[in-house]
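Listed next: structures, encoded as structure tokens.
Heads up, the next two complexes both have chain A, just with different partners, chain B and then chain C.
Right after this comes the complex of A and B.
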């Protein structure tokens, strides 16, 4: 491989990238995906519109309504409307939750009798419905304990003290944003490298490679190095978005994150190269790259669900795509910080390197220096 | 011992054979010409020689034998390939100077004083010395081809393979391209293998190979080849009338070709004769084109379209500068000029695709002002663009029905017309094929059919014959003349084949956005008594002021 030849080709690639303004896409797309998905996906529910029908108007019932009113999870409104009217409000999508406190609420409790509180939750979106339901149950349970305490019953003896590890605040951003880095760095470099090779095929300039003594290694180096350098900068940009804009904590080693990300970009670039082997048109290359990278990148990123909870085919599929291994390291670096002390991280880093080597070799082998 | 020896080379694609068992030999300093219809196997053989496609057989270059692209790697430092297509190997956003240094670098050339001198010389020969900072995408077609050629010449190849370098290039640039080739061949002793659709160019070559259906069917020097068809070339006009369609006689451009002796005297054969005689020999029916009168009867006024002082500006650049032109009923007007002189812009303005910046345009006596008027233009004009605007994923029939729908033609009428045109223009056999399976000549005819569906009074054709082989071109002109005769249609056509200018009633010559001549062919010949052919007349207009 002649260095001067590769250098000249790379210079040409950079000139083209800048003049064709493709460079804008290189930096706009990753940040766009990060911002859109980062703000767009929300698992937790806040400000659920809650109608509380307090038929009791007692000390205890007000204790309960106060708890709802003071929580950021609910926008509580205490009304005296009828049950049917309240249900109608849910149907109109003007309310999410109805809590009905029976008229004999306090009296029954003071007599040590069971009292039932009616709760209706809009379950149109099952996840959201379940979340709201558990919030409501939490609030009621909390109140019940407090009432039990004042009444001197045994109920007051037990309090649940749960703590979420790694993401103590249970913030959505912390759970989603690091996973997005794995998605973005899989999609963007792959599109770039596929475009850069297929563009020459579509235009016809690929003949300059076919008909000259230029080697396959030289050609590929010239095609992959610019993408590698440009996207290396994205590793830092995405890191800054995550920590500064979304306020995700970073507890691990930056060096590990950086190293893993560079290897991962190499994998992504070689996926683009493999796609360019089988496509002839830029548009086909882009669509194919997006399908091949975005779907697994999203599903198996650990954003939606942890890989460890997958079973059967999805478990196997998740292990086939490199995104899972990279995201393990990213989540670890951001939230846990175990780093190389964990054998799994070391193993996954090794797997990433293996992927890079296999894909690059495969691409070099499959890229033919002749017309089809 | 030959320097280049091609021995029984076969190139096969998935579905068809590109070239079958082709052999040829060439010496240093020789120019070998490939001629033949498209799809005849010229490009396939060139790709095999350049080592960019897998092939069977053996090629030997100065004692290096190779049987595959991989084995050809060792000769690639000594070869240069310019594939078919204008500016195909250029990068749009790179400037002329950047191209030269890129090609020099990837070839690993030492860029010393001698190299720079050579580079300057090439730039000068190509007339690109003043344009080194211009991006390739902004060059005219002719300049792109000259740049491609000098980029291919930078490493002083000893074997130069050029695939239709002059197709779609204006006569002046073509002449300059050939001057470069001739100089290089003499100075460097290069073997040049070149294909062309221009027979005047083929006549300049040392040896010519005629391709047909994936085989080389004739070879020799130009005199040898023309001599071989002398017996079948006659003066025009005496084809015996036969009822059966399988005609064994064909008349075109003042000559008749027949395998049987005719009663008229023999004429001086040209390279074109080779094509006609070959078609007659292989019993390939040259379908007779007959066109009935149009369905909608209409009076065609004396002046169909008139442009006065039409001007089009793009920013500071004046693409068309006060052009006057008049199209009479039944006129065939040839619009000629170098690449980038504004022919296409002018056509698009007449078509109503571009708003008019200055001047007046009248159609059938009515002035065109508003956009509604411009809509009216489109209804009266049939247009075939440079790159036939066909949908590649639909069959010919589906394409035609689609175009009929666009013109709001009732389905029954449309289908009747489509079938009629298919029969009259001789493409009924291809109705259920998709355009990219068909030769250019067929696509060109059915593009014309598409533009005729709404029975226009004017037909605009933008370089319809570029890259189309001799026979298809002959048929095309035959079709235009019949169309004119039976429809009284006016035709405005651009072309780079100067020989085709002679089939027009009138020619309009353009240079740098201005009209520089507008006259009948006869008068232009009278004004230029020294000119042997129309190309010389054309060049004289361009040379005068450069």
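Right after this comes the complex of A and C.
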């Protein structure tokens, strides 16, 4: 072990990070992604622009339109425009929902006949379309129940009373922000370390390493330690954003979260390092790192959908990326708090350690210390 | 004049093609990456694991459970007690728990309000939302004979809520943004790093011509990638409908690429090394993507963000592309998108032009 050489290398990397002002990015980028995503993503749909074509203008139809007008989910506008005109508004993306109340709505209901309400939803965004559709159905069925009540109709009624575990209020923040930590701590360290070695290759300074007494493992350690130390601080910064700014509860053990996050940073750093070892040009390393980390980081983070209901290839891919394991632990420590008592958490922690070991040894083997 | 232009253009295209690693990375982003993104996410519930506790005799409860079938739901699993069910939800073995209490069937038969209790794993919020909607529909459907109102619901443009083509398209738009900014920026920064850029500017050639040729070469590379992605993934693998005009989309993409190249110019002007380009373009692109309305509709954003989003060319591009692909909007109604992309493009490009074209 040539401790003084390793120390000199680490010192050099630190100085470079400070001189090139990259140190600002190390702390700016994670927090920025966190704030943007945290405020930017909403699964819930509010203020959907709704056109209600009321052809009936009766007591019942007004009961229905009032329900829409009083809901924060909709920005309702009652009009008398034609159906084609309203559809054209949707095509221009100026409206999201059309509700059409037929002309004999009240009369038919009073006669006990069935009456049909037409609903058109903009499905160009599938997720939003589905959510809006279910909201509209909810409002209409709710009104129908009321009308049914005034008409004196009787019959068994089933109401659904749902209780949400871990996230009672179904707050978007609680569902999204912990997952973001997994995404941020994958992307930011990887991009930092991706250029570490390839930069020297492109500039030719890698020969310094070839000629130096340093071993391959020591070289990698010298390259990774600065990033590791700097990003360790981000674990706490992100934690504070999540709990203080977004108000996400933290129910689990902080030590577990910390430990898992440190291992996870090591994994993302070594992913970047692997890319750096393989590629020859900086730009290739940049593009590859972004594409490889951001997409799976987001898809398989559990923010958009639970892994358990993925099917086929995406199920396998999700298990190949380390995000899933880390995010399980993060979500658990933030919202559920079972911690190491659950066998699954222990298993996933083990898998994370395995990933770190595999990546680091792979990097050591692939790095060359001589001219080809 | 035009000879110089084409020589620079050809040089940049050639040096791109010669770098095998870069070609491979770009090809990967435009094909496999978009495919993975499109394939990966299915927003309609699939294989949702359901558990239930049934304290009734099991007449109506079984009828309701029998409506939860494949492919949305796996066969419901029975639990002895609520505690056992809760524990399974904690371990993520079950996503939705249904509790039929003792009075449920009695109340229903007597015409009173019967209450169905659900336990949802809300760490998977979007999935829980949709599953809840599904269940509500099933239950409503079950007692519908009592309702005098029928809802006839249509989802326009995408009746089955097919999420694959949507995700693939969104991913392609992000890849275009990402690549055009980084590629353009690096083309210039590499010369800066090697010190040849100052010499370029000192030569008796109009620097505007060089800048234009260099960025056009990168725009063309990305356009070729877009064609590949459209052919193999968007139309090939996912069978995305094209309700509008194909050429309108290509034209919009071309304009958009230029306005993003303008951002690339700016990044190149500010940064000194590829490392800085990488970090800066992410810092610039993230807000761009999140202000574009790809994740949250613009009108549901904070008013300040709504105002800021007016300056994101991606906003006009995404809205325009979705209108062309799914809504099949007429060419005349597309003018706001073309106008927005063009105006911002000219501004960004002009600014980047001035920044990078200055010697010191």
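Just so it is clear, the second predicted complex is superposed on the first by the 349 of 372 C-alpha atoms of A that agree within 3 Å, B and C clash if a C-alpha of one lies under 4 Å from a C-alpha of the other, contacts with A are read in each partner's own complex, and residues count from 1 in each chain.
Everything below uses one rule, namely that a residue touches a chain if its C-beta (ideal position, glycine included) is under 8 Å from a C-beta of that chain, and two chains touch if they have at least 3 such contacts.
Quick caveat: nothing in here was measured; it's all calculated off a predicted structure.
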Touching partner for A:4 - first (chain B), second (chain C), both, neither: first
Contacts of A:212 with chain B and chain C, given as first, second, both or neither: first
Which superposed partner A:20 touches (first chain B, second chain C, both, neither): both
First, second, both or neither for A:119, with chain B first and chain C second: second
Contacts of A:140 with chain B and chain C, given as first, second, both or neither: second
Chain A: partner with more touched residues, chain B or chain C: C
Chain A positions touched by chain B in one structure and by chain C in the second: 20
Parts of chain A lying in touch with chain C, wherever the complex brings them together: 20-22, 25, 28-29, 32-33, 36-37, 39-47, 49, 75, 87, 90-93, 96, 109, 112-131, 133-134, 136-138, 140-141, 143-145, 147-148, 151, 153-168, 170, 172, 174-176, 187, 191, 194-195, 199, 279-284, 286-291, 295-296, 299-300, 302, 304-306, 308-311, 313-314, 317-318, 328, 331, 335-336, 338, 342, 344
Residues of chain A that touch chain B when the two form their complex: 2, 4-5, 7-9, 11-12, 15-16, 19-20, 203-205, 207-208, 210-214, 368-371
Chain A partner contacts - residues on chain C that touch it in the complex: 19, 21-22, 24-26, 28-29, 33, 36-37, 39-49, 86, 89-92, 95, 107-130, 132-133, 135-137, 139-140, 142-143, 145-159, 161-163, 166, 171, 175, 178-179, 182-183, 186, 190, 272-280, 282-283, 286-287, 290-291, 295-297, 299-302, 305, 319, 322-323, 326-330, 333
Touching residues on chain B, where the partner in the complex is chain A: 47, 50-54, 69-70, 73, 76-77, 79-81, 83, 85, 88-94, 98, 101-103, 105-108, 135
